[in-house]
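To start, the structure itself, in structure tokens.
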Amino acid sequence: MAKEYETVIGLEVHVELATKTKIFCSCSTEFGGAPNTHTCPVCTGMPGSLPVLNKQVVEYAAAVGLATNCTITQYCKFDRKNYFYPDNPQNYQISQLYLPICRDGKVEIETEAGTKNIGIHEIHMEEDAGKLVHDEWEDVSVVDYNRSGVPLIEIVSEPDMRSADEVIAYLEKLRMIVQYLGASDCKLNEGSMRADVNLSVREVGAKEFGTRTEMKNLNSFKAIARAIEGERERQIDLLEAGEKVIQETRRWDDTKGESYPMRSKEDAQDYRYFPEPDLVPIVISDEWLKEIKDRQPELQTEKMIRYKEEYDIPEYDAKIITGHKKLADIFEATTKLCNKPKKVSNWLMVETMRLLKENDMEPEDITFSPKNLATLIELTEAGTINSSVAKEVFEEVFKKDIDPNQYVEEKGLKTVNDEGALRATIEQVMKENPQSVEDYRNGKEKAIGFLVGQTMKAMKGKANPGMVNKILKELL
Amino acid sequence: MSLMSLTAVELGKKIKAKEVTVKEAVTEALDAIEKKEGTVNSFVTIDREGALKRAEEVQKLIDDGTLTGPLAGVPVAIKDNMCTEGMLTTCSSKILYNFKPTYTAEAVKNLEDAGAVILGKTNMDEFAMGSTTETSYYGPTKNPWNEAHVPGGSSGGSCAAVAAEECSYALGSDTGGSIRQPSSFCGVTGIKPTYGTVSRYGLIAYGSSLDQIGPIAKDVTDCATILEAITSYDKKDSTSIDREDTDFTSALVDDVKGMKIGIPKDYFGEGLDSEVKEAVLAAAKKLEEKGAIVEEFDLSLVEYAIPAYYVIACAEASSNLARFDGVKYGYRTEQYDDLHNMYKKTRSEGFGAEVKRRIMLGSFVLSSGYYDAYYLKALRTKALIKKAFDDAFSRYDVILGPAAPTTAPKLGESLSDPIKMYLGDIYTISVNLAGLPGISLPCGKDKNGLPVGLQLIGDCFKEKNIIRAAYAFEQTRNYEHSPLSDVK
Amino acid sequence: MANIISDETIEYVGILAKLELNEEEKERAKKDMGEMLDYIDKLNELDTAGIEPMSHVFPVQNVFREDVVTNGDGSEETLRNAPEEKDGGFKVPKTIG
């Protein structure tokens, strides 16, 4: 009988913090920009330059730690992690090994299998590396240090996850928490949230963990799920063939659906950590910690309860909307403008969700403005456009963030409320469909639906459906 | 008489009094450099044009009353591990043979604000690793008292330039004795301030937790004046300390009555040259005669300072010097197969033997499995050494001893036996480990005519104590100009 | 000499430190490092049990910067000393593939 295996997964999640400046210098953290324009002697490892810590980094890191039930290390320090690579200008990374800022936390995740706690081993602060661009023509790489020194926190989980579902749920939960705190925008595609997967397999029932590998270069939730599946299969195949899993770092190639070992003889993976002599210890007093706590914004659970109470929207809707900071932000901003929370919730729950799914987008990718959604809701409520036209207009709002007023005007989509015009069209429709008129008059009430449809079609969808119904009944 | 035979403060006064123009002073310094460099080799870079241009600017600022300080217009030489914008900064290494920083070290900037005119950059042991200035890629510096001898190191170029009277004063840096030991060998005065007093921003790091910049000059008055000028709280250096009590010149008083001076017995044991011992003890006697209370005591742990220092300094250096890799600045090897080969060839060709030796040792002591046994052990030893000094300073205002166990050795004698060379730093190194201030000043000569240095160590932030004691001692003798200072 | 440094150790340290030594330098490095470690082993005579390792001498803490952008476009200065430059970046041997 074939053996059954269990997958054991731990995650190292890197999150770029939403500070204005880098962790150790006053350069901008803005994404993009021409190569090396956001650099100075500090973030390019010039001789004689020295780091000075950005206070906001400590506050964000501690806030994330508090929100993930960690113990805050009130006396913490930075260490140097030594390794040579061109994206690492000093050839050491300033990080934390011995006294990371947060330890021993947990978050609760929810999957189809139920709820579960995932332990957080630690959260530490560190600096990001620069970017390497590979030039195929000349067979060289080019280094851009704009990202060098952007602050990161690395959230290291316990090996508590057992499936890709749990991993995704954990990541979504972390992302939600971090976004609520305003500590990061957590965009996987821009690299402001990155996850490395530590994975091992073991026979079901085994007590010891198997040998794990670390998988890097995972740029989307889908890639993460595929990489987990791929690595699980690879390790099981090795074990079934009587071979051993080697503890190593592997790079996932999502287009090929395969991973490759990253090790070379020149990567000894011996980082020679030692306390960073250029930085002094950080002491987080009880008062400071309290300030950070007090400043903590409303998180999801509180927000969800408030939505139910304040806006009277169903718990399910409140949960979905507050499940993404971006949706919650849009909800609140739009509601503030149009004062119709239930309508706003409906647009988000139905049409927005549908379009996100169809376009393979995350809520973070939403670009439309609350103002235009509010305008659309007002147009609909005023009866200026009918609901089917509204859906059409919303697609444009979603895609291009158009101004609904202008769009409806330009495309002539206003509902026709002119009774004379409607009556004329309906009379024409009745003339062309005598059978349906007959059927209705013979008691087949459903036939009216067909006539309404034909009228709407003739009016290019712009007729006021209430008026069409009223006039039809009258004429019939 | 040459203007360069004056102290910096004396020259500053003449400039202020319009007896001498800045240009005259700078020209004299440049001429002296031209005449003496063939013999002494104190400089890696001489900026004749820049210095003359700057002389005119400074003169204007003096004339219009903007610059009124004691160092305005006085020419200075800067150790080549301090960044100077647009001026070659090599650390006496091949790996930085073409490096022109885009920024100026904070300490140097402070001097510029005080009206200093920079003549050039002085030779040193490569990356400040060495005690003789022989590990420089640009050739050794010679001792102005006897060209067959080393000037000491690593600030050998700065000390030799002062002793040879190629400049009025100089800046050096001290990680394990690199200001005090060459000051002793060259018969000049140098101060290593309390860690955190002078900003390290722009100082190319060797051992970050130990490095401090300090003044080198002919006398204590100059050193106190210069230290006052370069001291600043710098927000760019996280280890910079916002301290009060930095009016160091106020301690220039000839009065040591009641001052408690401790002489560590452990500094006078095996390995100490008898002539050095005699001169240092004679200096102690002079201070006693002036009313100081001098007594011997056991400092303890002296022999552990050197091994602890080499672990800490080399570990930090192995990391600090990782950035020299041929990617961003400096030397890059011409031929290579791939990235790692480029790194290895660049670094192997760019660094000298002593630097490689220390990087290898530092990498080893931090490597997996050895960190606790070596690095943490050294940090614990450092804690004990600091405590030993704390105990001593609960009883004494100043600790007095030699700056080095011998006078300057002959060229070529030291490099063959590294440990023997390292032992030469035995009296200076623990001061860096404990972050304390120390001063070295001349107190005599040996039978070969080579200077002997007296070291005074103070408790942290107590520069004034050592300045006062040094100043009082200095009043008992005259400054001796080196033979090279007379060259016409 | 109590500490015998093997060829493998020198090779390994060379990988960590990115230094390539020729045979003569290797032999010298083995000898030097062994002697230095023997010398450093002197520290083992000291009882340091219960002593906290001291990385900073002074109890300075919480030195921070406010999160305000004050640096502008630094690309020209950053690249001024570059041994090889391409498209506004530092050119290096290819890092993957």
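The first chain written gets the first letter, and so on, giving A, B and C; residue counts start at 1 in each chain.
Everything below uses one rule, namely that a residue touches a chain if its C-beta (ideal position, glycine included) is under 8 Å from a C-beta of that chain, and two chains touch if they have at least 3 such contacts.
Small disclaimer: the values here were computed from a predicted structure and weren't measured.
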Problem set entry | Comparison of A-B and A-C (more C-beta pairs in contact) | A-C
Exercise. Of the chains shown, whose Cα mean is nearest the mean of all protein Cα atoms?
Worked result: C
Exercise. Measuring from the mean C-alpha position of subunit B to the mean C-alpha position of subunit C, what distance in angstrom results?
Worked result: 23
For this session: Using mean C-alpha positions as chain centres, tell me how far subunit A is from subunit C in Å, no decimals.
Result: 39
Exercise. How many Å are there between the centre of subunit A and the centre of subunit B, using C-alpha atoms for each centre?
Worked result: 55
Exercise. Which subunit A residues touch at least two other chains?
Worked result: 41, 44, 52-53, 82, 84, 86, 143, 266, 270, 272, 277, 279-280
For this session: Name the residues of subunit C that each touch 2 or more other chains.
Result: 12, 16, 18, 55-56, 60, 63, 65, 77, 90, 92-95
Problem set entry | For subunit B, residues that touch 2 or more chains besides their own | 99, 102, 209, 235, 238-239, 318, 322, 325, 327-329, 339-340, 343, 363, 367
Problem set entry | In the complex, subunit A residues that touch subunit C | 19-21, 25-28, 34-41, 44, 52-56, 58, 77, 82, 84-86, 132-135, 138-145, 265-266, 268, 270, 272, 275, 277, 279-283
Problem set entry | Touch list for subunit B against partner subunit A, complex | 82-83, 89, 91, 96, 99, 101-103, 105, 200-205, 207-209, 235-239, 315-316, 318-319, 322-325, 327-329, 339-340, 343, 363, 366-368, 371, 375
Exercise. Okay, in this complex, where on subunit B does subunit C touch?
Worked result: 98-100, 102, 195-196, 209, 235, 238-239, 241, 301, 303-304, 306-308, 310-311, 318, 322, 325-332, 336, 338-345, 347-348, 351, 353, 356-357, 359-365, 367, 374, 376-384, 386, 418-419, 433-435, 460
For this session: Could you please specify the touching residues of subunit A with respect to subunit B in the complex?
Result: 41, 44-53, 80, 82, 84, 86, 89-92, 143, 264, 266, 270, 272-274, 277-280
Problem set entry | Contact set on subunit C toward subunit A in their complex | 12, 15-16, 18, 55-56, 60-71, 73-75, 77-79, 86-97
